[in-house]
Structure formats: C-alpha cells, structure tokens
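Just below sit the structures, each encoded as structure tokens.
Heads up, the next two complexes both have chain A, just with different partners, chain B and then chain C.
Here is the complex of A and B:
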C-alpha cells in the first residue's frame, strides 16, 4: 500500500460507498448526498440570524447516527454532512450581513461594513456574488493547505514526539487556547480549568469514581454531549434570549432596496479582487492552523490588511473602504472562510479541536467509533490497510466535493436565502432549545442527561455574561481524558519520574512555550489595561 | 449589580475561593487515591492529580484576574434584571420538564382510576398516543412559555407556534425511527 493507493481508496470510499440512487445510470453514493444536504442546510442555517453551524450539527448528529448506525461505514456520510454544514454556514452568514445589515454569524460582522452600503446602492446581488467568490476561494485554498500539511504534521509528531512531549503538547495547546480565545488569558484559563474539572468528575482509575460525591448519577461522569451542547448551544440560546428580551427589538418593516444596474461579476472585477482574496486567504489559513483562534480575528485582520492596500490602490470615484467597496467584502469573506479548513489541521494531525465545528467532528467520530483523530491516523502502513487513513482521505475528498458544490450551486442557493431573516428569533430560539434537549435525550435516553445539559447551559450562559469564552471549556472537556491518559503513560514510561515534563528536553521546551504564551498574553492585557 | 470596574476583581475572588474549596475539600474528601500512589511496588499517578491540575488552572486564572486584569477595560456588566429574566426562563424549563416527565404516567393513572383498567405507562411508552403525551405537553409548555416571556404576554400565536414546533420535532426524531425514544420514555 503506497500513499497514492490510500488517496485513491479515500476517493473511492466517497464516490463508491453505499449507493443511495442512480442518476442516468450513474450510482450516487449516500456520502455525496449527505455532503450536499449538509451544505444546503449550512447555508440556510448560516443565513438565519440566531442560528449557526454548530446548532445544526448538534441537532442533526443523533438523527444521523440513528440513520447510519455505529459502524465504520457511517463515518463518511455523517462527517460529510457535518463538513457540508460547516462550509455552508460560512457562506450563508454573509447573506443577512449584506442584505439586512445583520450578520448571520459573528465572523460576518465586518461584511456588513461594505456589504450593506452596496445593498443600499442597489448592488445587493453583486455584493453577494463578491462574497461568494471570495468565500469559496478562501475556503478552497485553506482545504488544499490542510490536505498538504495535516499528514506531514502528523508524521512529524509521530516520529519525533514521545509520551512526555505529547503530554506537554496537550498542555501547550490548552494554554494557547486559554490565552488567545476571548482576549483575556485569565478568563481563558478559568474556562479551561472548569472544562478539565468537569471532565474529571466520575472518572479515574480507582474503584470509587472520583469527585462524584457518592451520587450514582455523577459516578458515570458527564456525557460529552451534555457538556458540549449545554455550554455551547443551550448557553448561547439563553444569552440570545436575554439579549432579545433586553433589546425588545422593534418589529418594524425591513427596509427594501431595489437592485439597479449590472449585478454580474466580470473578469475585471475578479482580477481586481484577487489580491485582496489572496492576502486574506493566507491570513485566514495561518490563523486557522493555530487551535482556538477564531474566524472573527481572521476577518478583522484580513479587513485591516485589505484596507491598507485599498488606501494605496483606490480608483478615483470608487467608494471608500467601509462604505460599499467590494474589496472590503472580499477581504473579510476570504479571511473568515479560509479559517475553516485550516482549523482542521490540529484536529486531524494532533487530535486537538480548534473550533466548534471541529468539536462536533470529534463528537461524531467518538460516538460512531472506528476513527480517532490524531497523529496515529496518518500511519501509512504498507503491509495492511490502515482504515483510519482511508477515512482521513475520504474526509479530504468530502471537503473537495463540498468545494465543488460551493463553486457550482453555492452562489445560487446563497442568493435565495434572504428570506431566512424573516424567521422570528423569539420563536426560533426556544424551539432550538427543545430540539437540543431532545437531541441529547435520544442519545442518552435518561432525563438526568437533560438536567445535566440544562445545568451546563446555565454555566454557559453565566460564562457569556461575565465575558468568559465557552470554547476553552469545551476543548478542555474533550482533551481532559486524553491529557490524563497521556500523563499516566509518560509517568510510567519514565520510571515514575515526577519531573518528566521538565527533564525531557522536548517536553521542557514545549512547557516553556506554554508558560511564555500565558505570561506574554497576560502582560499584553496589562499594558492595554 | 456588579459595577463594571470591579467585576473582574469580584469574579477573580470567587474563582479563587472555588479553587481553594476544590483543592482543600472536594479533592481530598471525594477522591480515594492521592496525587501519586504506590501500587504493587510501582509508582503511578493517582486519581487526585488531574483534578488538582484543573484547580491550578482556576487558581492561575483567578489570580491573573485579580492581580493583572483587575482594571481591564470593557468589563462586563451583568444586570439583576437580566438574571431575573433567565431565572424565570429556567423556571419555565423546569416546570415543563416535570410535565414532560410525569404527564404520561399521570394520564395512565387517571385513565385507570376512571375506567378501572390496569394499564402501565412503562408498557405503553412505545405506543401512540401515550408515548407523545409527555413530550407534547411539556414541549408545548416550554416553547410557548419562553415565547410568551420574551414577548411579555401570552398569545395564541405563541401556543400555535409551539404546537407546530413540537409536532415537527416528533416527525424528526420519532416517526421515522424505531430505535429512538422521545423524552421521557427511556426513563419510565
């Protein structure tokens, strides 16, 4: 088995998997259909203010698992759907931002700055075309970087990192995520600490499940779905409802703007936009490759760099940046879209999720079984087939299929989604809450799980209220078990050396970087204060 | 209400107090093995180490908040009005979940009382319409209650929207599948 064989098997797994139906005699695999379904769902969800990709993933996951079962054959259709949602939501978020000055997703906020003024000038369709072109370009570029880099990074990790270094790498990742998400290292560390603590309840190696307070309910630990969906989704719904109630949003008529003049995107437009798209795609990919740094920062940086270039290259008579320049939309959308593919680099190569979408991919993999994202996936065994590697290349294929869908039908579908702004948020959010609780119940089939999820939801709400990002909590909850297991193995392998993180040079270096990241971030925060 | 300039200080202090309680009480009293244990002449990591590391993250975060980020700009301002709103919202969720849990068994009990039968909800939990009773009533109450709270009034539109949403959910999670159980049918 060579590398090309594995790539080919991955492609075949997607295209020649279980057939759902045939079109003109051509078999259409269920994975392709699921990628398409996920992609269209993602666009619709992204275009609906108050919803986001992770909500759709949370609601869909138990249904998908029930449909496809707990067999390795389920991995590609289920994860293909999730990848489709991830990509669709990225472009969908630009729709309400451009048409109604309301970003569908937080990272589309910068898109409103130039997108909505273009709509006001009667150039809404052109603005949507620019957003789609930039988004699809950034996304595709990012995926190519992922496909090239993830296997190499995984091979490097496997070849050079021993157990102490792997433990130190997990600590570095957690420290980095704590330091960079949300802009406050202190709050990031609190979020991480709470996530780890929750992960350790009811677990351990002793007969007595630790920290369970003698309660049979706690002795099994918190199911991963309750913690992840509770903090991420229910917490967000509660906060959104509070904001909605606080604003008492006026239900006035949404102002209508008629399209005027040429709405097409010409070759000259594309040539003009490409430098902005290229720069932002590079920025977004570089940022996305680091776990935990969100697409909002990428969009802000891409926009800032684009504005600097525009100041030098602006044509006379063209609108100012921030007042309806299509370059502004291109710079923002290319940056935030190029984060999504690169964000999967740490997931697939190290098993460390970097964003909410990656968390759901790991959740799906853990629920179904047969695929453990991490460096061991990329073992190019020659004497026997490594099924995880085939799945990995299948996922890469699924991403490219989603990109093809994005380039072909994505723009058309995206432009038809303006109607989603009219979905009443105050009815939608309680429905999402019940949907999420139901999704958790059908997986766990015990009311305790619902109570846990509501409890985590309250925690997520409180964290948002005091500006603590919930993402480090979720990532720490997922990595907590892995961190402890890795430390136990490293401790045993070094003959019970309590200083194994500092006596091994590689581990010591990673620990020093982890320490430096926290100190540097804290000092920077103090300077700002 | 927490004043904006002091909210980080208060939060940091609360986190430090919680971390101290975890380190001094929860971990020692609720974990059977220590930080490091000797098992069959081998030194291994005990169950207390990982939660201790988690608590140290809290100590570090709380400490940074108190000593470094105490005067950070743009500190959040949690309001009592907002918290009261969420408390009401959670009360609706709580009551709705109780209705969801007990509506089916109570309906069976009432039917038995009036008709003199000996039906058991446990045996009916996969039979329509019994299996939908708790989810339908509890779900409708949850959604319509929350919508009414957000709107500031109870409206027929809210109830109709809730009924519609719950029926859609039944069609999503139950009707197409034999192996999925709607709440609370896995417990009763």
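Here is the complex of A and C:
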C-alpha cells in the first residue's frame, strides 16, 4: 500500500461507490450525484439573501444521515453533499450582490462595490462571468494547496508534537479564534468560555455525570447537533426575525437593468484579471489556513491589495475601483472563495475547525462515525488499509469533482439564480426554523433535544444582540472534549506534573503565543476605539 | 461368493437407511429449532445501542452483527452510539427501554461489573437481561517493536534504568491493573487514560505512549512485526503470542478477563431472549460471515456464554469488583 494506492482508492471510492443509476451503460455513483445536488443547492442558497451555506448544511445533515444511515459508506455521499453546498454557496453569494446590491453572503459585501455599478452600466452578465471565473480559480487553487499541505502538516504534528504540546496547540487555537472572530477579544473569550462550559456538562472521566445537577436528561451532555444548530442557525433566525419585525419589511421595488453590449469574457479580459485573481487566491488561502479568520477578512484584504495594484496599472478611461471595475469583483471573489479549501487544512490535519462550514463537516464525521478528522487520519499504513485515509482522499476527490462542476455548469446555473432575491423573508425564516427543529429531532429522536436546541437558540440570539460572535462558542464546544482529554493525558503522561504546559519548551512557546495573541489584539481594539 | 456379495449389499442398504433416517431426524430437529426461533419476531425495529466509539473494532463488530441479523432474520436494526462513562451511559439509557426485545445494547462485561460497582449509580446487573457474549478480549500489554523491547523484562529494565514509561489504559479497571502491575514489579508507570483501544493504539503508534492495553486491535500490527505483545493481561496466555507472561506470572492476582456482551433491559421474555441470543451466537460462530471473520481475526475467536451461565458471570463480576478496587487503593 503506497501513497499512490491510497490516492487511487480514494478516487475509486467516489466514482465506484454504491451505484445510483447508470447513464449510457456508465454507472453513476451516488457520491457524484450528491456532490452535484449539493453544489446546485449551494448556489441557490448562496444566491438567496438571508440564507447561507451553513444553514443549508445544518438542515441537510440530519436528513442525509437518516437517509444514508450510520455506516462508513455514508461518509462520502453525505460529506460530498456538504462540500458541494460549501462551494456552491461561495459563488452563489455574488449573484444578488452584483444584480441587486444585496450581498447573499456576508463575504460578498465587497463584491457589491464594483458588481452593482457594472449592472447599472448594463454589464450584469459580464460581471457575473468575472465573479464566477475568479471564484472558481481561487477555489481550485485553494483545494490544491489543501491536498498538498494537509497530509504533510498532519505527519509533522504527529511526529514532533507530544501530549503537552498538543494540549497547548488546542489552547492556542481557541485563544486565536477568540481574538480574531468578532469585535473584541473579551467578547471572543466569553463566547469561547460559554462553549467550553456547555461542552463539559455530563462529560469527563468520572462515573458521575458532571454538572448535570442530578437531572437524567443532562447526564449524557448536550448532543453536539443541538448546540451547534441551536446557536448558529436558530439564533441567527431569531435575530433576523427581530430585524424584520423592526424594519416592517420596507419592500422597495426591485430595480431592473437592461443588459447592453458585449457580455462575454475574452482572453484579454482573463489575462488582465489573472494577476488580481492570483494575488487574492494567495491571500485567501493563507488566511483560510489559520483557524477562525473568515472569508470576510480575506475578501477585504484581497480587495485592498487589488485596489493598490489597480491604482498603478489602471488603463486611462477605465472605471475606478468601486465604480464598476471588473478587477474589483475578481479580487474580492477570488479571495473569499480561496478560503474554503484552505480552511479544511486545520480540520483534516488537526481536527480543529476554523469556520462554520468546517464545523458541519466535523459534525457529519462525528455523527456518522468511522472517520475522526485529526492527525491519525494520515497514517500511511503499508500492511493493511487505513480506511480513514481512503476517506480523506475520497474527500479530496469530491472537492475536485465539485471544482469540475463549478467550471463546467456552475457559471450557467449561477447566472439563472437572480430570481432568488424575490423569496420573501417572512416565509423563508419560519421555514428554516421549522426545518432545523425537524432536522434535530430526526437525528436525536428525543424531545429534550428540541428543548436544548431552542435554549441554545435563545443563547445565540442573546449573543448576537450584544454583538458576541457565536462561532467561538461552537468551535469551543467541539474542541472542549478534545482539550480536556489531551490535557488529562498530558498530565498523566508527565507523571502528574501540574506545570506540564510550561516545563516543556514547545508547549511553553505555544502558550506564550496564545497569551500574546489575546493581549495584542486587546491592545489593538483599544487603539481603534 | 455371490451370497456373500448380496449379504454385503443388504448390509450397505441397511446402513444407508440408518444414515438417511439419522439425517432426516437431524433435519427435523434443526427445523424444530428454527421454527422455535422464528416464533419470535420483534414487534418493531430493534434499537441497537453501541457503547463504543464509532469506527473502532468493537463498534464494527456490533454493526456487522446487526447487518447480518437483518440479512438472515429480516429484523430491522437502528444502531445508535451511546458512549461514555465506561458503558454506564448506555446502561442508564437501556434500563428504561421496553424489554420486549426492541432495545438491546452491546457493552463489555466490565460495564456491569467493575464500572457499575465503582460508579455506585443505583444500577446492578439485575437491572438487565444478559443475552450472550460474543468474544473475549485478547488483552495484551503492547509496545511498538522499534522501542527495542523484546520482552516484558526489557521494559521493566528500562523503567528501572530511570526511563519514564507511559502506560495507556482505556478503562478505570485497566488503570487499576496497570498500577498493580507496576507495584508488583517495583516500578511507577505514568498511567494515561485513553478513549478506546483505538486511542491506545494511535497513542502508541504516534509515540505519545510507550506501552498500552490493547484488546485485539493489535493483532494485525503484531503479525506485521510493528507491534509486540509484551504480556497477556488475561489469566491465560494470548492466542497470538503464547510465550508472553500472564499477569499471574508477573505477580498480579487480578486479570482483565472480560467479554463483549449483548444485554437488554431486565425482565425480557424468554422467547425474545432466546431468539436474540441464538441468532447472534449463530452469526458470530460462523467464520464465513463478516462479523464472525472479524471476531476470529481481531478478537482471537468466538467465546459464547449465554443463558444462566451469563447471568451468573455478570453477578460474580459485580460482586468481585470491590476486591480489585481495594487492592489498587492500598
């Protein structure tokens, strides 16, 4: 079993998986169909203001699991669908941004700056083509970096990090996430702390279910789906409903713009856009590889760097950045799309999720079983097959399949999604709420799960009203068990040394960085304020 | 001559007839038992709670058995992971389920023995119906071959030479045993609690642990020469490495003897209990099934205890748990 054998088995796992139907005698595997379905769903969802990829992933996951079951065979179809949604939503978000000046996803905000002016000048189709080209390029680039880097990073971690360092690395990730997501590190820490608190209910090594206050429904702890879906999705829906109620739906007329002139993307255009796409793809990938920094920052940075270059290289007579320059769209879309692949580097090599999409991929893996994202996945065993490694290469294959779909039919489908802006929010939001609760019940099949989810939803709503980002909560909830486990193990392995985080030089260094991240970002916020 | 030949023919006919009759009788007997088993059909889909982390050897065993039961008996299973607290979370959830055979669980005997006694959680083996065990553990004390230890003795020498030994254990009972082992040998192990045998194996392979308990998952690695069974944590030698000393040889009077066991809530009707355990036993005993093959390969072969023997085994394990705990806390 060499490396190439594993790659080949991963590819086969996708293409020769359980057959759904055959097309002209060619068997079509269910995984391929699920990737396509996810991809198209993702575009539609991304193009709908008020919805985003994570919502679709959250609702789809329990339903898919109940369809495919809890066997390892279910991993690739289910995760393929989620990957499809993740990729589709990235390009879909640009559609309403360009056509209606309303970003479908938060990271498409910068796209409105140049996209909408282009639409006003009658160049909507061309703007969409630019967005699609940049997005697909950035995404593909990022995936290639992921596929090359994740195995090596995992092997490095496994070879050089001992238990105390692994514990310190988890603490560093959590403090980094707390510091960079949301407005201030203090709020980030509150969110992280609440997440850890929730994760520690009913868990632990003692036989007594800790923090359960004697209640049998708490003794098994909070199911991960209720915490994640509650805080992320139900909380968001409640907040959106409140906003809607306040604005009383100022239903303005949707303006119509006619397309004029040449809408095609020529070779010369592509040559002109490529430097912007390349730079942004690099920025997005680098940012994506760090857990917690989202695609919104990547988009902003990509746009800023693009603007600086454009100021120097601008042809006379071409529109300014922010006034309808296609380079602006390209710089933004390439940056925010290249985050998604790289974001899976910490997920697959360390088991640390960096954004909401990654959270749902981990959730899928944990719910189905048979695949535990982390360094042990990339063990190239030679005497026997490591099934997790096959799954990992299957996921890489699924991402490449989604990229092929993106390049071939993505643009066409995306350009037809302008209608999604007309979906009324007062119908959309309650439907999402109902679907989410149903989905949770499908997976947990006990009434407590619904109460937990609603409770976490209220928590998510309250956090949003005081501008605390719920993402550190969710990531802390997922990492909490792992953190405790590795800390206990490190403590025991060092012979009960309570200072294991500081006596080991590697761990001490990581801890110092963890403190520094919090201190420096706290100071920076103060300066800004 | 001719007469003699005829006589022999008659004798042959006679024998043939007897054999045929015997076969027919056996056939009737087999049909009778299958008819008996077929008398019971579950009143609905069977919830199968699995007390092990998804993806490990024990979880795979449970799922393969369910898969084969579905294929053979036409029963419908809903496998569900109920992990944590050494199987007690599962026990707690299973105890209040309907006892008509629509809810069963797979744990280890240790759950109803040591863990239930240690937790003092208001449960005893009497709250459950034991269906059958499937396999024992081939519980070895395992290290990576490239550590350079060729025997248990080598490891103790290394420990006495001042090397810290990290000893991975996947349950409190095993942690107690590791402590007693160190005590008997005059060394202090750094005992690290790890989740599941797979966690121990990952830790040993990654170099986070020096040695650890593995209950069968080490078979492939030992065969390939990457891992070595330094000792048997059982009262008997390991099937794969019969030369490795047992815990008794090493001065520990307790052992990690135990089994994977299917249980249901207390008071399950006999026909449901018999039908379920009989169907499971048939599958695990058949090496041509995936489940039987796995048990043969990873757990050193089937080990079936059911009925009253199982009830007694579970009760004894529970009653004897205190002695080990006392010894380990001395």
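The rule is short, and it goes like this: the second predicted complex is superposed on the first by the 528 of 529 C-alpha atoms of A that agree within 3 Å, B and C clash if a C-alpha of one lies under 4 Å from a C-alpha of the other, contacts with A are read in each partner's own complex, and residues count from 1 in each chain.
As a convention for this text, contacts are C-beta pairs under 8 Å (C-beta built on N, C-alpha and C of every residue); 3 or more make two chains touch, one makes a residue touch a chain.
Given the structure is predicted, the values throughout are model-derived calculations rather than measurements.
Chemist: Return first, second, both or neither, reflecting whether A:461 touches chain B, chain C, both chains, or no partner chain.
Modeler: Only chain B is touched by A:461; chain C is not.
Chemist: Touching A:376 in the superposition: chain B (first), chain C (second), both, neither?
Modeler: second
Chemist: If you stack the two complexes on chain A, which partner ends up touching A:128: first (chain B), second (chain C), both, or neither?
Modeler: In the superposition, A:128 contacts neither chain B nor chain C.
Chemist: Touch check for A:329: first (chain B), second (chain C), both, or neither?
Modeler: neither
Chemist: Chain A residues in contact: does chain B have more, or chain C?
Modeler: Tallying touched residues of chain A, the top partner is B.
Chemist: So, does A:399 touch the first partner chain B, the second partner chain C, both, or neither?
Modeler: Touch status of A:399: no partner.
Chemist: Report for A:488: first if it touches chain B alone, second if chain C alone, otherwise both or neither.
Modeler: The answer is both, since A:488 touches chain B and chain C.
Chemist: If you stack the two complexes on chain A, which partner ends up touching A:83: first (chain B), second (chain C), both, or neither?
Modeler: neither
Chemist: For A:205, using the defined touch cut-off, is the partner it touches chain B, chain C, both, or neither? Pick first, second, both or neither.
Modeler: A:205 sits against chain B and chain C alike.
Chemist: What is the contact status of A:184 with respect to chain B (first) and chain C (second): first, second, both, or neither?
Modeler: Only chain B is touched by A:184; chain C is not.
Chemist: Show which residues of chain A both chain B and chain C reach, each in its own complex.
Modeler: In chain A, positions 205, 207-208, 488, 492, 496 sit in both the chain B and chain C interfaces.
Chemist: Under the stated contact criterion, what part of chain B meets chain A in this complex?
Modeler: 7-8, 11-12, 15, 19, 22, 26-27, 30-33, 36, 42-51, 53-58, 60-65, 68-73, 75-76, 78, 81-83, 85-86, 89-90, 93, 97, 101, 135, 139, 142-143, 146-147, 149-152, 158, 161-162, 165-166, 169, 172-173, 177, 179-184, 186-187
Chemist: For the complex, give me every residue of chain A touching chain C.
Modeler: Interface residues on the chain A side: 70-72, 158-159, 162-163, 166, 203, 205, 207-209, 216, 219-221, 366, 368-372, 375-376, 379, 383-384, 388, 485, 488-489, 492-496.
Chemist: Would you mind writing out the residues of chain C in touch with chain A in their complex?
Modeler: Residue positions touching the partner: 53-55, 59, 63, 79-82, 84-86, 88-89, 92-93, 115, 118-121, 164, 166, 172, 188, 190-195, 202-203, 205-209, 220-221, 223-224, 226.
Chemist: Quick one: in the complex, what on chain A touches chain B?
Modeler: 62-63, 66-67, 174, 178, 184-194, 196-197, 199-200, 204-208, 210-213, 238, 241-242, 244-246, 248, 426-427, 429-431, 433-435, 437-439, 441-442, 444-447, 450-451, 454, 458, 461, 465-467, 476, 480, 483-484, 487-488, 491-492, 496, 498, 518, 522, 525-526, 528-529
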